[in-house]
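Some structures to go through are shown next.
You will see two complexes here that share chain A, one where it goes with chain B and one where it goes with chain C.
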Partner chain A sequence: MQKLKLKSTIGLVVLATVLSSGVEHVSAQPAIVAKFDPSSEMSISGIVTHVDWKNPRAHVFVNVTDGNAVTNWAVELESPVLLRGNGWGESSVKPGDRVEVKGLRARNGSRQIWSESMVLAGKPVFTLKDLKPAIPARSEPAPRGTDGKVILGSASGYWGFPSEHALVEDGVNVQMDRYGQLAEIADAAKVAPLQPWALALYTQRQQRSLQDDPMFINCKPPGGPRQYQSDLGIKFVEDKVNQRMFILMGSGNRNYRIVYMDGRDKVGSVTGDDDNPLYYGRSLGKWEGDTLVVVTTGFNEDFWMTNGGLPHTSKLELTERFTRPDMNTLQYQVAITDTGAYTRPWNASWSMQWVADQEVPIFFCQDNRP
Partner chain B sequence: MKSKIMKIGLFAAAFGLSLSANAQEGHPMKGSWIGEWKGNQKLGDFVLLVLDWDGSKVTGVINPGTDNLNITEATLNPDDWSVHIEAGGYELDGKIEKLELPARSVVGTWKGPEGATGALEIVRQ
Partner chain C sequence: MKNSKVTVALLALAVAGAAAAQPAQNTLGSSSSTVAPQQQRQQAEAGPAPVNAAGRVVLQGADPSDKGTWTPVFGILDPITPYEEIPFQPWSKALYDYRQTRELEPHTRCKASGTARQFLTPYGVEFVELPELGQIIIFDIGGPHTFRIIYMDGREHPSDWQNTYYGHSVGRWEGNTLVVDSVGFTEQFWLDRRGMPHTDQLHTIEHFTRKDKNTIEYRITLDDPGAYTKTFDGGFNLRWNQGEELFEYVCQQANYAIELMVGGGASSVDRSSTIVP
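Up next, the complex of A and B:
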C-alpha cells in the first residue's frame, strides 16, 4: 500500500535535526537541500528491487504498490564511504526486502527521496554515527624528523574534520551550515570583501541553495581552500629527495597537488605551461620555522573555491600557512588576494584534526551524477 | 534562403556546443559569446563577442578575425544583471536571462551606426 505523506512542518524539523544533530559525519556532497525539498517530507513502504552502491551517493530502489499500480522510487542515501564507515554495506538490504522509508522528496517532482534512515523488519538500517575521533585529553607534541622539522604527514593517518566548512573572513561572525549555506542570506556581504558583481553572484548561488555547485553537478575538483573543508580530509606526503610536498585529497576524486620546495622561481618555471590554468594552481613552498608556507597562483575559474560558492577569478593568489602545534592539530591559515573578485586582500583560518591509523578515505564522484 | 538555413544551422550548432562547454564560474561576462544580432545587414546576423574582466572593467572585441570591432565600453549591472556594450558605433543592451551555467544567455537589442536596430541574443560558450 502506498503511503505518501507530505508534512511540510515536520519535514523542516526532520531536516533541521539531521543537519544540526551534531553528528560529525563524513559528508562528501554539497547541500541536500539543493536537490531535495525540506518542506516535502514523505514516507513510502515497499519492496527493494535494486541497490546501487556507488559514489557519490548510494541508492536503494523500491517498488511501491498502490492498488493495482506499482511505481519504482529511488531512495538516495549518503555516500558508500560514509555508510561503510558506519558499518553498512551493499548487502545491508537486498532485493526482495520490505522497507519503510521516510525522507524528503526531490524538488523536481521525480520519484526520488533523500533519506538518512530506513527501517527493515522493524530495525533501522543505514543510520549514522559520529565518526569524528575524540581529541585526547593530553596531546603529544608534533612529530619531528631527523632534521628537526615538523612532520605534517605520516604513513598512517590523515587530516580531516575541519573546524570550519566554508570560507569566512577572520573576525566575521555569520551563521552557516556545513555546506556553506548562510542562515541569513542578508549576511552575504559580511562574509568577505566582495566586489559588487561577486557579491551578487554569491548571493544568487546562496538563494538557489547551492544547487549550481560544479562539484555537485559536474564532479569538479575542490580547488583552492575548499580542499581543506571536507571531512574526507587530506594527507601530506613529503618527498625530500626531489624537494616536493604532495597533498593527497580524499574528497576530489583522489586528486593530488604538488608543492615545489626546491626554491624555483614562481613565474613561468613550475611546469612551463603557465597559460594552462589549473584547479589547484601552481604551488611553491618553503619552511618558515615550523610553518609550511605555500604560495599558489595559476588557478582556472571552473570551480568554486569554497563550500557556499564565493567566486574567484584567475587573478587569485593564495598564501597558505600550515602549522602543526601538536600531534592532533593542523592549523590552516590562508591569505586571499584576488583583484578580480575582492576589494582587498583578506584572511581566513581554521584547524583540522588528526585521524590516526587510517588512510585518507577514497572517494570518487563517479558517474557524474548528482 | 540557403544562406539563412546555414546561419540557423551555425547558430544551432554553436548553441549545442555551448551546452557542453566548460563552466566559467568567475565574472559572469568573461568568455566567448555567440549568437545573433538579427537584421544586421552590414555585418550579417551572426555575432561573436570575446569578453574579459580585468578586475575593474570588461574589455573585448566583437567578431574577432572577421569584422573586428574593439569594445570601447562594457558594463554589467549586478543589481539586475543588465549589460551594455559599445563598439564601432554599435550599442548592445540586454540582460543576462539565465545566470546559471551552461546555458547563460544575454537577450536584448542592438543599435547600429546608421540607425539600424534589431534583436540581440547571445549564448556563453
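Up next, the complex of A and C:
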C-alpha cells in the first residue's frame, strides 16, 4: 500500500467550493450542467499529479487513494484566459500538493469533477463568480478620432464581460444562468416570440441541458448575437482606408468577420462565396451619427445564435446598433427578424465593458479538451 | 447511373470537386496550380509594387479599389527547405519521416498553424496595415480563419507570454522588406505542409519582400535548438490574386472526423505530450 506523504509543512490544502447554481461563465464551452450533474455534489482528496493549463478548460489531476487502490481524477476548471484574469496562474497548484476538492461529478460517471473556485490555506480566495476587467473603469468620455467620429476599438483594449450572457426579448424577465439554461423550462415561451416548431426545438434543447450545442460538440462559430455574450468578448478594428470594420472574436475559434462600410450591395459581392449562407452572415454597416448600424443577412442554420439555443432559420436578419456612450461602455441593441422561426420582429439589448490595456484574449475552441 | 460509367463519373466528380467552392483542406487537396475556387484567377498584370505616400512598398493594393489576396506559389508536396539541407536532430528527423506516412496534420483538424504553414493554404491571406493601431494584422481566409497580430510599435516580446499557435510577433520595415521576429509558439502544429517539427524554443525571423505587383518573396529563418542542430532558412513566393477579397471559410463546417479535432471523449484524451505526432 502506498504511503501518502505530506510534501512539506507549507504544502497547500486546497479546497474547491461547491458550485453555486446559476452563476457560470460563458466561454466557447458547454454549459456546466450539460457535462456535470448539479445534484451530484461530492468530495475527493489526494495528491496533485499534473496540471493541464490549456484551453478550453484547465484541469488539475489528482491521485485519490481508497484503501489499496489509487485512481486518478480530473478536476475541471475554467479557461486559463479567465483564470489568469482572476489571479490564477499555471503554478497556483503544483504536482505534489495535497488537495481536497468539492464539486460536481460528471454525468457520464467518469472520474471528473467540476470546480469553480479554490480556497488556499493562508491565501486569498480565488473565485470566478465576480469576473470583471482587471483594471478598474475610468470615468471618461468616449474617444474620438480626428474626424470627430467615435472610436469603437483601439490598439490596446477590447469589449468583454457582457451585462447579460443570454439573449432574452427586451422587457421579459426570466431566470436563466449564464449559459442560457432556464431555471424553469416552462418559461421557454416567454423568452422570445417563437413559432410553435421553434418553441418545441428550443424546449428540447433546454431539456437536454444544452448538450447538443454545436459550439460545444464541434466548435461551430458563435454567429449572430452570441459573439457579444461571452466574457472573452470582441474587438473592433476599423480599416478606414478599405472601408471595412473587422470584428475579432475572443471566443469560439478566434475568427474574424467583416462589416462592409463601402456601400456595396448585399448579394454576391464577395468573391469566393457568392451567396452561400454563412455562419456570420453578410454584414453591411454605416455610421448614423455616433451609432454604428449593421445589417446582416445570409446566415446558415448550422449554429446556435444565442447561448441557450434560440433557433433561427436562413431567413434571419439582424439589425445591430453599437454606441459608445462613454469610455467604458458599449451599448448593443439588436433587432431580430426571422419569419421562419418567430411570429414577429423583436429586440434585445445589453452592454459590454471596455477591458483596457489588454489584447482580445487568445482562445481557440479547437485547442480542445472535451 | 450505369455501373460501367461510375468510375469515370466519379473521377470527373473528383476533378470538378477540386475546383469547386471551398473544397475540404487536406494534404491531398488542391494545390496552388489548380483552378481557384469557383472562378479563373485573373491573369496577373505585370507592374511595380505599389507604394504608400512615403514611397515605401505596401503589401496591399495601390488603393481601395485594387483588391487582392496572396496565395503561395508552391507545390504542396514541397518542403520549404530541401530535405537534405534540413539540419534535423535525430528525434526530429524520425518524427518528420513518421509524419510522411501518418499525414494527419493539425491544420486539417482546424488548428491554427504558425510560421510558414500559415501562408501555405489554397485560399491565401491578406496583410492589413493599421498604422493608427501600430499593428499589421494578417487575416487568414482558409484553415482556422483567424487573425495574426504583428506589433509594429517597437515593443519587445513579453516575459509572461502563454505559448500559442502564431506566437508573439514584432515587426519593422527594413527598406521595403517587412521583418517579423516571433517567439512563443506551442508545439501543436506543423511548420509546413510536409511536417517539419519544432519545439517551444522556436524563434523565427520572417522577411516579406514585395518584388513587384504580383510577387512577395517570403523567407523564414528557423532557430530551434530543441529540434535542429543549427539555424536554417526556408521560403517560397506568394502570388497576388487581383480582385479577390477575404471570404468566410469555417474549417469546422464539414469536419466530420470530430474525434480527431476534439480528442475523442473524456477518458481517451492523452495529455502526456505536447509534441504533435
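One rule holds for everything that comes next: the second predicted complex is superposed on the first by the 311 of 370 C-alpha atoms of A that agree within 3 Å, B and C clash if a C-alpha of one lies under 4 Å from a C-alpha of the other, contacts with A are read in each partner's own complex, and residues count from 1 in each chain.
Here is the rule we use: contacts are C-beta pairs under 8 Å (C-beta built on N, C-alpha and C of every residue); 3 or more make two chains touch, one makes a residue touch a chain.
All values reported here derive from a predicted model rather than from experimental measurement.
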Practice prompt. Look at A:Ser110 in the shared chain and tell me whether it touches chain B only, chain C only, both, or neither; answer first, second, both or neither.
Written response: second
Worksheet item: Which of the two partners, first being chain B and second being chain C, lies in contact with A:Lys220: first, second, both, or neither?
Response: both
Worksheet item: Is A:Glu301 contacted by the first partner chain B, the second partner chain C, both or neither?
Response: first
Discussion item. If we overlay the two complexes on their shared chain A, which of chain B and chain C does A:Gln243 touch? Say first, second, both or neither.
Written reply: second
Response to the item:
Winner on chain A touched-residue count between chain B and chain C: chain C
Practice prompt. In the overlay, answer first, second, both or neither for which of chain B and chain C A:Asn276 touches.
Written response: second
Worksheet item: So, A:Arg208: does it touch chain B (first), chain C (second), both, or neither?
Response: first
Worksheet, complete the sentence: Check: chain A residues flagged as touching chain B and also chain C 218, 220, 302
Fill in: Of chain A, residues touching chain C in the complex
50, 52, 54, 59, 74, 80, 84, 106, 108, 110, 112, 153-155, 217-221, 237, 239, 241-243, 246, 248, 253-258, 262, 270-274, 276, 278-280, 302, 359, 362, 364, 366-370
Fill in: In the complex, chain A residues that touch chain B
196-197, 199-201, 204, 208, 212, 214, 218, 220, 301-304, 311-315, 339-341
Discussion item. Help me check something: in the complex, which residues belonging to chain B touch chain A?
Written reply: 22-28, 30, 53-55, 76, 78-79, 81, 99-101
Worksheet, complete the sentence: Contacts from chain C onto chain A in the complex sit at residues 21-22, 37-39, 60, 64, 67, 109-112, 123, 128, 130, 132-135, 137, 139, 141, 144-147, 149, 153, 162, 164-165, 188, 243-253, 255, 258, 261-267, 269, 271
